[in-house]
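Report on the structure given below.
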Amino acid sequence: MTDRTGRPLCVLISDFPLADPYVGVMKGVVLSRVPDAVLVDLAHGLPPGNVAWAALQLREQASYFPPGAVFLAVVDPGVGTARRVLAAESGPYRFVGPDNGLLHPVLAGQASGTPPRIVAVDVEAVRIERRSETFHGRDVMAPAAARLLAGAPLETLGSRMDDPVELRLPAGRREGGSWVGEVLASDGYGNLVTSLEGSVLAGGDWRIRLEGRDLGPVRATFGSVASGEATALVGSLGRIEIAVRDGSARERLDATPGMRVEARLAP
Amino acid sequence: MTDRTGRPLCVLISDFPLADPYVGVMKGVVLSRVPDAVLVDLAHGLPPGNVAWAALQLREQASYFPPGAVFLAVVDPGVGTARRVLAAESGPYRFVGPDNGLLHPVLAGQASGTPPRIVAVDVEAVRIERRSETFHGRDVMAPAAARLLAGAPLETLGSRMDDPVELRLPAGRREGGSWVGEVLASDGYGNLVTSLEGSVLAGGDWRIRLEGRDLGPVRATFGSVASGEATALVGSLGRIEIAVRDGSARERLDATPGMRVEARLAP
Amino acid sequence: MTDRTGRPLCVLISDFPLADPYVGVMKGVVLSRVPDAVLVDLAHGLPPGNVAWAALQLREQASYFPPGAVFLAVVDPGVGTARRVLAAESGPYRFVGPDNGLLHPVLAGQASGTPPRIVAVDVEAVRIERRSETFHGRDVMAPAAARLLAGAPLETLGSRMDDPVELRLPAGRREGGSWVGEVLASDGYGNLVTSLEGSVLAGGDWRIRLEGRDLGPVRATFGSVASGEATALVGSLGRIEIAVRDGSARERLDATPGMRVEARLAP
């Protein structure tokens, strides 16, 4: 499957550190097998080993890419253990990644009528000749993605399966009249992304608290707060984010993942 | 307009943090609309919200790219406020970005005979269906750039205007026989880029002072100073830079933006 | 020479800082001359001025890329001095970079039957019109790579030479029954890459010591150690690496380049 120009599109996401050659060499493996592949980086340097954060990004961002895209997703702290490698097709997209939950939210979240098809990749059949036990992104997942990019049907990569490791992304929960969630992570600006979805706060005058500290109402933009002031808003992922205008909420509020976030209706 | 191979070329520059998916998802939006687009990163992870620094880079670097390139420039601390979004054409290039001064120097600096054409983008007409108030790079500017890449005339994106927010890049000034300027920023090596243009120091034996500290003459290269020694030279932007050989001038000289830099003719 | 699709492939590796426009503008120079070039990043932001580390990466990673690739390698602390600029062809690849040892290991390491051909680039003939003395990556090496990508024979770039600056990558040495080497660098995860090649430790029960501290046997993967525990394994470069599961060995072991690493056969 290719994009409308016939160019096979490979979208990469990983926790590989930004100044290392790990992503680059995966691209070399793909291009060696699919010379006309187009390679696009969704994100790298994600928090090391944080499968849930990468899984959230993959689920939320995939649908901005054109139909036919193959996502090569590598956040793989269990590399070298018995964990399986998956290839999957869901809606207009295909995915390759470790079976550690990374692909589960995007596969479960595709709003297509048909359920995803998943195979456990036959690692020995797919892997490159030179190989290591510590870099399956290069040795197994990149060549698996290359096969899909070259037009191989999903089922030629391995055996159908239907029990991928599941990962439930944190979501807000009701506590009385409140919605309660947590800080998931911060972005590079220091904005705090929370587990509270903006949609549940529609229709009402909600105020946000971080570990009990009142941050005022959910605002539409930074524009209405002063420089250096903290506020809550619905971020680009559709979730409540806590930000400091012209600054870092992570530093200013000394925030860490897991901190309690609460939305209360103003009286 | 496309490059000589007929491939539409999109050059991206932003302050989006390097380990976040913001740049990647903008690329997805462009590719979803223009499947044969070629995407090239000029720079990301620029100092957050520092419009002047990004504007300087855009002005100085644009002309190294091929005619026909569309620049998608996003340093947008005012996102969600009433600030306009601009699309512009100047010489062989087109540009999309927020109306906060970011595009002003490159538009003013194009040495073409004809003045730039600028439109205020009709945000509601251009924006994607799913949208946020906090990420106009993805929701408005990327689809606007995609329209230009797909061949839409500039004027189809909005209404002509001629009053973009202006931004005057700091330049050196005469004080008696000296030229006086300031540290603008440091690069990732720790080299200090100043507002003094190398061309004004031609023909003479100039010595550089940083906050009164003599750094010796302007040298051609690092080659003539010892490891660990500070020196001034004309950098790749054509401006006076202060560098420490095999080290970081920012750390070694404890330098910060705004520090006074003075060039004096040696007696 | 081009890849199998006829697209000229340029692979870039450098120590240019990740948030600066240096890499981006080199790409602009290449695309201005070779509009159909495909640009792929092997790695950037490598340790500044560390020629040996970049040379190791280039040697180990090049062969993962398709035949015909042109590598543009810029770790160039001697820019502006009399050091030469090289272009070379070895096996199915071509290379452009400074003559400071950066290209030597990959040229020496190519397992092709014929020795590499090397030219000293005629800088004045190749360089762009606008130029600086501090950024030969943009002004000299990018246009030299562009010429190769456009099909120019190697010898048209300068004069044949056979005395490039040599660089011997550190390797392990025997000391009695042990192999002794050193920490070369750490990657972004904090894993320590050493000069000991995994192949010399085949067939035996080797234990690793870092500055005399016993880290236990060489293991196949992280899987068999507890979270937070240090271990040694054969990394993706085929060398002994020291890693801490779910953590940074660099921080946990307070490790720096040059530290002594020893492999002893278990009794």
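A few remarks follow.
Going in written order, the chains are labelled A, B and C, and every chain counts its residues from 1.
Rule of thumb we're sticking to: a residue touches a chain if its C-beta (ideal position, glycine included) is under 8 Å from a C-beta of that chain, and two chains touch if they have at least 3 such contacts.
Quick caveat, the model's predicted, so the values are computed rather than measured.
Traced through touching neighbours, the fewest hops from chain A to chain C number 1.
For the pair chain A and chain B, the fraction of shared interface numbers is less than half, so the two copies use mostly different residues to meet. Centre-to-centre separation of chain A and chain B, using mean CA positions: 30 Å. Residue positions of chain C touching 2 or more other chains: 18, 45. The part of chain A that touches chain C in the complex is made up of residues 16-25, 27-29, 31-32, 35-36, 39, 45, 48-49, 77-82, 132-135, 138. Taken in their complex, chain C has these residues touching chain A: 3-5, 7, 9, 11, 13, 18, 40-46, 57, 61, 64-66, 187-189, 220-223, 233-236, 238, 241, 245-246.
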